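For reference, the structures are reproduced in the following blocks.
Each of the next two complexes has subunit A plus one other chain: subunit B in the first, subunit C in the second.
So, the complex of A and B:
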């Protein structure tokens, strides 16, 4: 399976009180259409990833709204939602649509406008993405649920809070160099340790901010991109989706590993590559602990060792595999429905060689994105390859 | 393109205070899995159509919840939403997934639990599926928006309120015979005319009720069904999705016709059939006026003549094409996310010859479902054919 990436677009990741959800969709979408060199009427299908527009923005049917405002009518248009895996799901559906042979050119947009509400209200909207009937009403929000996972990891593998802090240091090193990132400052292990406790053992610098953003891709049949050799030759060569446990409190470490390991194995087979071939990876880290978990799930490190790369340099820009050169969700922010598509756009920029100065991996040719959703409910893997 | 229908399931359509959204999903889904003769672990992907769980039920991520409670983990799972076209979109994605060759067996579920709220609150949730920022805040709900379309149709084609009333008479004739329908009583033209005005010119018997229900399908590669000749040989042979105008007030009749006519033309070409070949049709009619509009869009009648079949018998059970033998949304109700999948299940029962007594079309071999969404924002066509 090979699906061409004809165009990409994204908005800055930040608090954007001056822009509505539809503004973000239009800005990211039009950039991608322009980058693709197509007209809106060339788009045959539109897949929009958005998690919380009903809760955040008092509107639904974001896919249909997007079709109208992007001018792609009468293309079919739909909103898809799978907690924090939403943007990756929109991408998956676009890839499968092209792979089916039924469509030539389709569009994927992920967008979220989180800051219409106060943070405490927003946390409540987000909590609906997990089990709102049993867990949330018992007091379990996402920060407190993931904190349980972090504690379990620390107990199981002997990880200290200082060990984990290196992950935030690395992300902030690159986030500071990414003009599209929400949080743009560097920090030290000591500063991570001193930052306020959010949900013990997770501290403020180990938690993503609430961010408004959109990102978009135009995908096409392999031949369409091949016939335009002047365009960057980047293809999506694997897509694999999995679901896992729905409950935070039963999300053991084995489940957390499997959530990425199983679809990653399928994706590597589909693309014909192995973990050792990957140059750049964007790995879901709305909370710092999820980065080592993801590194292990993708096969870049043994279980319990995923945190070491941030400390010893092997997951930095010149390391064995560069992880989260965008600054990750910790710095880029986590605009729920836009996160999966944003990971894709960032990897594609790496493979095109157009990433900002200071975060471009030299000669990046093979990339992977890994998106989680829910406590441990979505594992979404995509592999990208540059040709020539 | 040929996709096998391995199993179907549905819950009754009615107000179900004793069941939650997840109960409806599990009931419909398990019935379909059982009918398919597969185990949950055979399901590779799950597409859940649900419009309003955040507004109606204070929960999100219905796809992930469904995967957990149906026991199909680690299959990929997602919720899709496109206003009232939601269930048809879930079906489309399942069909495309099989057509892509990437999956052997997938599952589609549509479900909505609308009656956790009072009707007036529910109407507000529904209104978010159209333009909540400009139209709804100006007072335009779905009933009032569609009433404008009805008035325009009446003015353009000289349709009287008595003419239109025949559509409700036909739907209620069959709805009374469908044990799964919400409203099970017959009515006369006079009774339709005497029923309370909801939004002039639409009256109570021309408006669907608020209904709780779920419906589900298990789809498979053509060969898998062919290899089980004892199972009913029903295949989905076409899927076509379109979007239209996002605004109710600009939804002219030409747009309303095109919304079905364009994807229907594609679907007929894909299946290699024409309008005249269709035995049974389920056509979206949350409001009575949408049935003649749909009949015209599908090519069963000229523009302005779509209402005649309900009066002269040609869209009744023994007519040229039997339309809405289920009782349509007017009687079956319109459980938003379940409506598209319910239309599919009802057509498949017709082709299997297992529809309830009094609503089974004799020797039905080719069927079509046509689902709308938003004021005029989704047109979704599927064609079904029986073999042998």
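So, the complex of A and C:
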């Protein structure tokens, strides 16, 4: 399977009080359409990833809103929702639409406008992505649910809080160099350790901020991109999705591992590559512990050792595989529905060689993105390859 | 969480009880929300079973940034209680200093006010306290 990436676009990731959800959708979408060199009427199907407009913005039908304001009417348009895996799911549907042969050109947009609400209200909206009626009834939140996973991981593999802090140090090193990132400062292990407690053992610098952002891709049949050799020749060569448990009590370390390992195995087979071939990876890390879990799930390290790369350099820009050169969600922020599409756009920039100075991996040719949601419920893997 | 009076009447009463679901096929005990099929074996015959109320804290965190309905309770301990019957349930642990909570702590259930909704919906449910011999719940 090969699906051409005709165009990409993204907005900055930050608190943007002057922009509404539709502003973010149109800004990212128009950038991608312009980059693709097409007009809105060329788009045959629109997939809009958005998690919480009903809760965050008191508006609904985000797909239809996007279709109208991007001017793609009468093409079909639909909103896609799968918790934090939403943007990756929208991408999956776009890729499948092209791969099916039914469409020539489709568009994927992910967007979330989170900062119209105060943190306490936003936390409540986010909690609805888990079972807020039952499991989260007793005061759990997403940070505290993942903190339980962190404690389990640290107990099982004998990790200290300082060991884990290296992950934030690496992400912040690159986030500081990414003009599109929300948090742009470097930090040390000591500063991570001193940052405010959010949900033991997770601290502020190990938790992503709530961010307003949009990102978009125009996808096309392989031949359409091949016929335009002047355009960057980047193709999506694998897409694989999985689901896992929706509940923290049944989300053991093995479950959290399988959520990536199983779709990753399918994706590697589909693309005809192996973990060792990957140059750049964007791995979901709304909370620091999820980066080592992802590194292990994708086969870059053994279980229990995924944190080491941030400490020994092997997941830094010149390492065996460069992980989260964008600064990851820890620095980019986690605009829920835009996160999966943002990971894709960042990998494609790496393969095009157009990533910002200081975060461009030299000669990056094969990339992977891994998005998690639920947080144990969605696993989404995409592989990207540059030709020539 | 915003709820209507109708939804409150459906969600509220079961939260007063402490129960789990017993699988009629593999005999596994599942959390109360697994009422459609057994997460272990997939069988669809599950029956409610009351729990004795004692167990062990097998994982926990301290929440410093609560959801709206828990405002004022922070920082609070919430964790996984492995009940003596074997099922793992999520619940807060209260009436204790944070430093007195650790993995393996024995706890017992007590009916408390769980949270205050912003539309006057008050939920009572099971919280846990340290199960110190001789102490009052």
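A few comments on the model shown:
Simple rule for what comes next: the second predicted complex is superposed on the first by the 388 of 388 C-alpha atoms of A that agree within 3 Å, B and C clash if a C-alpha of one lies under 4 Å from a C-alpha of the other, contacts with A are read in each partner's own complex, and residues count from 1 in each chain.
Here is the rule we use: a residue touches a chain if its C-beta (ideal position, glycine included) is under 8 Å from a C-beta of that chain, and two chains touch if they have at least 3 such contacts.
Source: prediction; values computed, not measured.
In the superposed pair of complexes, A:135 makes contact with subunit C only, with no contact to subunit B.
By the touch criterion defined above, A:152 lies against subunit C but remains apart from subunit B after alignment on the C-alpha atoms of chain A. Of the two partner chains placed by superposition, only subunit C is touched by A:198; subunit B is not. Residue contacts after overlaying the shared chain place A:274 against neither subunit B nor subunit C. In the superposition on chain A, no contact is made by A:160 with either subunit B or subunit C.
By the touch criterion defined above, A:39 reaches neither subunit B nor subunit C. In the superposed model, A:241 makes contact with subunit B only, not with subunit C.
Of the two partner chains placed around the shared chain by superposition, subunit B is the only one that A:99 touches, whereas subunit C remains out of contact. When subunit B and subunit C are set side by side, the one touching more residues of subunit A is B.
Looking at subunit A, you'll find residues 128, 131-133, 245, 247 touch subunit B in one structure and subunit C in the other.
By the touch rule above, subunit C contacts subunit A in their complex via residues 1, 11, 15, 31-33, 39, 59-71, 73, 75-76, 78-80, 88-92, 103, 114-115, 123, 125, 127.
Those residues of subunit B whose C-beta lies close enough to touch subunit A in the complex are 1, 20, 45-46, 51-52, 54-55, 58-61, 63-65, 67-69, 72-83, 89, 92-93, 96-97, 99-102, 128-133, 241-247, 258, 262, 373-374, 377-380.
Of all the residues in subunit A, the ones that touch subunit C in their complex are 119-121, 123-124, 127-128, 131-141, 143-144, 147-148, 151-152, 155, 196-202, 245, 247-250.
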